[in-house]
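Read from first to last, the chains carry the letters A, B, C and D; within each, the first residue is number 1.
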Amino acid sequence: MLDLNVIGGYAWLIPGFTFAAFVVIMAIIATGGSGRLAARVAVAGILLSTLVSVPLLLAALGAEGGEHGGLAAEPFVATWWSWLPMGEGTLDFGALIDPLSAATAAMVGILCSAIFIYATAYMAGELEAYDDASGAVDPAVGNARYARFFAYVSLFATGMLGFVLASNLLQAMVFWEIMGLCSFLLIGFWYFKPSAAAAAKKAFLTTRIGDLFFFVGIMILFWMHGSVDYTTMLSHAGIGVLHDAAPLVLQFGPASLAIPMILLVGLMIFGGTVGKSAQFPLHVWLPDAMEGPTPVSALIHAATMVSAGVFLVARMYPAFAAATPDAPGSISGPMFVVAAIGAITALGAATIATTQFDIKRVLAYSTISQLGYMVAALGIGAYVAAVFHLITHAFFKALLFLGSGSVIHGVEHGMHHDHGHGHGHDHDAAASAPAGGYGAYAADPRDPQDMRNMGNLRERMPLTFWTYMAGTLALTGIPVWAGFWSKDEILAEAFHKGIQSQIVIAGFVWLLLTLAAFMTAFYMARQVFMTFFGPPASEGARHAPESAPAMVYPLVVLAIFATLLGFVGVPEGLPGLGPALGNPFHHFMGYLSTGAHFESLEFSWLPMLASVVVAALGWLVGWLIYGRDPAAVRAQDPLQRLGGAWKLLYDKYRLDELYGLVVRSDPRIHRESDASEADKPNAEQLGRLVALVDAFGTLNGQIDKLVVDGLVNLAGRAGEVFSRVNGWIDANVVDALVNLVAYVNGEISRGLKLLQTGRVQNYLLVVFFSLLILVGAFVM
Amino acid sequence: MIAMHFLQASVGWIRGLIAGQLGLAADALWVDLAIWLISALVILGVVQVGMLYATWLERKFLGRIQDRLGPNRVGIFGLLQPFADMVKMLTKEDITPAQAHRGVFNLGAILVVPPAIVVFAVVPVGIGLIATDLSVGFLFFISVASTAIIPIFMAGWGSRNKFAIIGAMRAVAQIVSYEIPQVLSVVGVLLLAGTLSTQGLTLAQGNGGAGDAIGYPGLWFVLIQPIAFVIFLLATTAEIERTPFDIPEAESEIIAGYHTEYSGLKFGLFQLSQYFMTIASAAMASILFFGGWLAPLPFLQRIGPLDLGWFWMGAKTIFFVLVFMWFRGTWPRLRSDQLMGFAWKVLVPLSLANLLMTGLIGYVTQSSTNLSGQPLLILLFFAVANALLLMATLWLIGWWRKNSERPRIRFEQAAAGELPPAEVAA
Amino acid sequence: MPAIPVWWYLMVATGLFSIGLYATLTRRNAVNVLMGVELMLNAVNLNAVALWRYASPTVSATVDGQSVQLLSTLDGQVFAIFVIALAAAEAAVGLALIIAVYRSRRTVELEQLDMLQG
Amino acid sequence: MSPLLLQQIAFMVLAAISLSGAWGVIRAHSVFVSALWLILSFVGVAGLYVMLEAGFLAVIQVLVYVGAISVLILFAIMLTEDVMGQAEPASQWPLAVLIVLPFFGMLAKAAFTADWQLSAGSVAPPEGASISAETAKLVTTAIPAEQGFRLPGQVVMLGRSLMTEHLLAFEVVAVVLLVALVGAIVIARD
């Protein structure tokens, strides 16, 4: 077996390889080298990282089995270099390897490898031909752009891996911000598209809000512990410090407000999560982030970076649970807020997803929803389940995104086949949309991302379809696929605590999450039926080819993961399967750094049955509405008959508008990203409104002329007379006084000026005169 | 230590002698006064006669160098020539220019002599034979010698004569410049001797001297500090404005420099002071580097009860006076810019390097217990260091010569048409 | 007790200082002003050395079998040495300034150097 | 004539030299002559240092003030010769008198009336005198020798004092001198 103490010492290679790849690619770009070479370097970098991170996970698995919390309580800590001497200790860059970081690092490595390989093919369009905003075509620019993509994603992988392995909170924050930067760069990868540039800015600024809270949290923790090392902060003693800390008392005159430190710290750290993991109310950036290339959506905005927020809460979980350090599963302190936010996000995003037409946008809301699941799970103390879902979700959501990318790619190629002109893919569709759009809620026939332009892809792209189905089944929680086991574990915990233990918040969470599960099945069914079934709705769908092998094989790999990964976390109580598999995931992950242990949940059929039933129901409803005649629903979504409620959902609860109103009236910040679907008021209603306004205006005008103007003119006359009097006084009294003051000042200054002789001896005379007086007073 | 006691004993003996003659207590103030008076008279007498015969010696010596006889009419070998010169000088008309500032003009001539005499107060000629053994003897010599430039300034300014003022300014610039390498070169010796007293400096160079206490062998410092000696000798030659450094009174350029307007007795005073300073400098060179009144070999120090310190001191002093004359007889005068450049670009860096070298070796040898009792090893150190310093000296002088000669080379190139016209015009 | 009371020295220092001050305040020529400053510095030095000699702490000691009082510090002299060193620096910079001013204005009369007049 | 009287006479002569030199500075009609008077004053002060048993300082005074600073002053006068007219006082001289005279009076009063807490001690025993071990402990700069302890001369003690307790000031002065040197060259060069 692999020895953690040996391989742990090489953990720096994990982010090191990708960073080296980044540096090499930057050199390639600087020297004008080949983009394909850059892609190969990036893939090589991440594969080497994976070759270290997977054995690291195996070594961590082998190192499990300590008496008091095992590897979690006694993690392997490596110091890479001492960065800053601070106070008594130094701030080190290093690695902390415990079950959480080892599992996540391996997951990130495998996913990044798959996505990088996929991207080499997906982004190849950049290489072939390139036209930027000015219309200039220059292959060298395309080449550099292709290479730049891989530079960015390599740097991103560095950030994510460094964040996961970080040994202290400040190091984590540094890599966290590197990720934020890469996210910004990659969302705005096609920066000449106004919508992409706006989306990048939006994502960057929105997450900064969360990061501010995060940083404040770090500072509070440093103030309390004198260190930002995880091992110091999150040990049993460190949690004790947090537990015993005096509350922060805010004084408002006579009233005072005492904020427990646990709550303050937890909420501040959670602020970072809300921003990064796109939780309500800062979730608005993530759907817009789909402006970036699809591999980026899969990598950053589905699988890794957004789950970094969840990872952060999981990492800091002992601090969140510090109110009851010995019963880690109980809900206390800031966890209420975490649970509520997570549940609201899960359901809210799922409802929005039911109304979207953009294939990636649906998945984006699905991602938000699933992140809400994880956050809610952490909030109700289902730590293991949350981490489990984090891992499984990363795989199947990345699979879905890559699948959607494959679909878009196919449809787009189909369109090219049809029209024989136009280059590039998802970026130029929106750019070429006519200014007026295609009417309210109608599909742009040239948009390769719109599900209403698809159909029948099941036959055109069979491998994509089948792998996509694996991801869908996993996401919707159909038994044996990975998502079922992880989602079921969350729901079981919520059910257990909420219904059986009568904890209100957990019950609330269970209710919302179950509803969200139904919604999930429903919108995924809708998506699958609209995309893959029925007759083709456009030339693009009709001629869509299967994607390149480099794109399909990663899908297959991920599909295998999405299908089978769940078996590592099958509840032990499940008859038959459970005892056979033994739930290794829980045994691996079930300890906290404080040494506390999460007991395995007693198995109960009820929540499992409930979730299966809900998922099945969702599929059923989805089939009833969308599955029977996909062609019709592509023309007009049946749910649109819901009217206002549908529009509210379609407009994402109009949160963007609200923020725009509150934060800044410039509509560009929130409107540009969906400029193609600007809502148009009904013309007829508009006409009536105009007539009414006209009549009112006429009446108003008369009143204005007769009454208001009269008053105004009267006031004007009076004002004029008064002003004349006033003017006289001003000129003869006030000005005279002012001039007098100025004159007196001038005369005094003229006298005082004489003191400034410019002769050094005069000054010296004054100096010694003063000295004479001073010393004289002293001597006498 | 032994020498110290001996010194005190001999002072006590003289003191007792005087007290006995005058019938006073040995520690009375009068005895001190009498000793001072006797010292002053002895110094004045010896130095004045020495000065007179230094002029004779110079004329004879230069004569030999220039293949002629020198004074040979007045007295045998012209030995009475100085007295004849003195009579001539005293009987010449004393002229004060009408435009001159009378007070400053006269004071300049008068004040130029005292510093040259006062410096002899710290010149020892044997055990106990020193006017005052100041603990800061060498510094006293330097500071008093440096005051000699004030009367030069007064002479130049008071004469109301362009040549006089130019000569005075040149003299002051030169003396101020050369004072620096002069002092810096001696600091190495002072470090080794551990004292500023001239008597102490002398004793430090003998066996059992003060130098013994800090582990150095009884050797003349010229052997340990040869570079410093050369620097000191050159700087001193410049200090006393002797050829080749006699630019302030370069007769072919500015007539006679700051004493152009002086005649008769006052002119004589300038000559007097210059010969005094020459003798004093020669004495100081022998004290600092050649063991002062110490004999070259121990058994030559005394004959029976008679200490021969005065003889050795006199011999060394006359030797150095001859050296100065030899310089005058053989070397051409420097150009003014060469003179200043030589002081600042060659002598000052070299003396600093020498000081650094001495300090380093002193530090190493005193801080290392292994070396403190090994004089030969220390001497080896100094030998190596001095060899290095000599190489540096040669390189530095070469560099300086190359740089100072560059204008001439360029001029010749221009004359030969080797330079482009634009550069010639520039 | 030394033969001369300490206030004799202090009076000389006071006189030097006052004369120096007068020179500083009344001389037209910048070089003359500098001379006044040097006089004042000399007065201060004299004061420091005199008070060092007369009023610095002593220690009882046995020298050659006799009990004597020895001055325990040389601080007054050290102070004076520093002042002299700084005076040298001051003179160098001051005279360099005077020469620079003379080059540009053809005068060193302080009453004509009043460019800062209000 | 006792040694005491002799000392007093010497003091008076030296004081007269110093003060008359200073007086000459303000009374001379020519700047050059002022400078010469100034030199006289410096020499007088050096003599007073000798009387105060500060021989090293006296020599330094002559070396630096007479040999260096005065020469600088004379040089400056020479270089600005053409503006040297009659050295008449500035127009504010009556005011200056009004300030200087009370100043003098005040300082003189302070010199007379202040309690100086005089202590009677000799500067140092004769160099080479043997001292007891207790004395050696008191005077930390004593050099051990075979037959007991020897006190070093004043110059040695001054050097040690500069290199130990006043080292910082010494270094600072060294830096100041260097800066002044460079600054003077920069200011005065063409």
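Here is the rule we go by: contacts are C-beta pairs under 8 Å (C-beta built on N, C-alpha and C of every residue); 3 or more make two chains touch, one makes a residue touch a chain.
Fair warning: this is a prediction, and the values are worked out from it, not measured in the lab.
The pair with more inter-chain C-beta contacts, choosing from B-D and A-D, is B-D.
Ranking every chain by how far its Cα centroid lies from the centroid of chain A, the top place goes to B. If each chain is reduced to the centroid of its CA atoms, chain B and chain D end up 27 Å from each other.
Our note on geometry: chain A versus chain D, Cα centroid distance of 79 Å, whole angstroms.
Work out the mean CA point of chain C and of chain D, and you get 6 Å between them.
Centre-to-centre separation between chain A and chain B, using Cα means, comes to 89 Å. Each of residues 761, 765, 768 in chain A touches at least two other chains. Looking at chain C, residues 21, 25-26, 110-111 sit in touch with two or more other chains.
Shown for chain D are the residues in touch with two or more other chains, namely 3, 56, 60, 68, 75, 90, 92, 95-96, 99, 103, 154. Applying the touch definition to all chain combinations yields A-C, A-D, B-D, C-D. Interface residues of chain D, counted against chain C in their complex, comprise 3-5, 7-8, 11, 15, 18-19, 22-23, 25-26, 31, 34-35, 38, 41-42, 45, 48-49, 51-54, 56-57, 60-61, 64-65, 68-69, 72-73, 75-77, 79-80, 83-84, 87-93, 95-97, 99-101, 103-104, 107-108, 111-112, 116-125, 129-132, 134-135, 138-139, 151, 154, 157-158, 161-162, 166, 169, 173, 176-177, 179-181, 183-185, 187-188.
Against chain D, in their complex, chain B makes its touches with residues 1, 4, 29, 101, 103-104, 107, 134-136, 139-140, 142-144, 146-147, 149-150, 153-154, 157, 165, 169, 172, 176, 179, 195-197, 213. Contact residues of chain C toward chain D in the complex are 1-4, 6-23, 25-29, 31-32, 34-36, 38-39, 42, 45-46, 49-64, 68-78, 80-82, 84-93, 95-100, 102, 106-111.
Residues 90, 92, 95-96, 99, 102-103, 106, 109-110 of chain D are the ones touching chain A in the complex. Against chain A, the residues of chain C that register as touching in their complex are 21, 24-26, 33, 110-111, 113-118.
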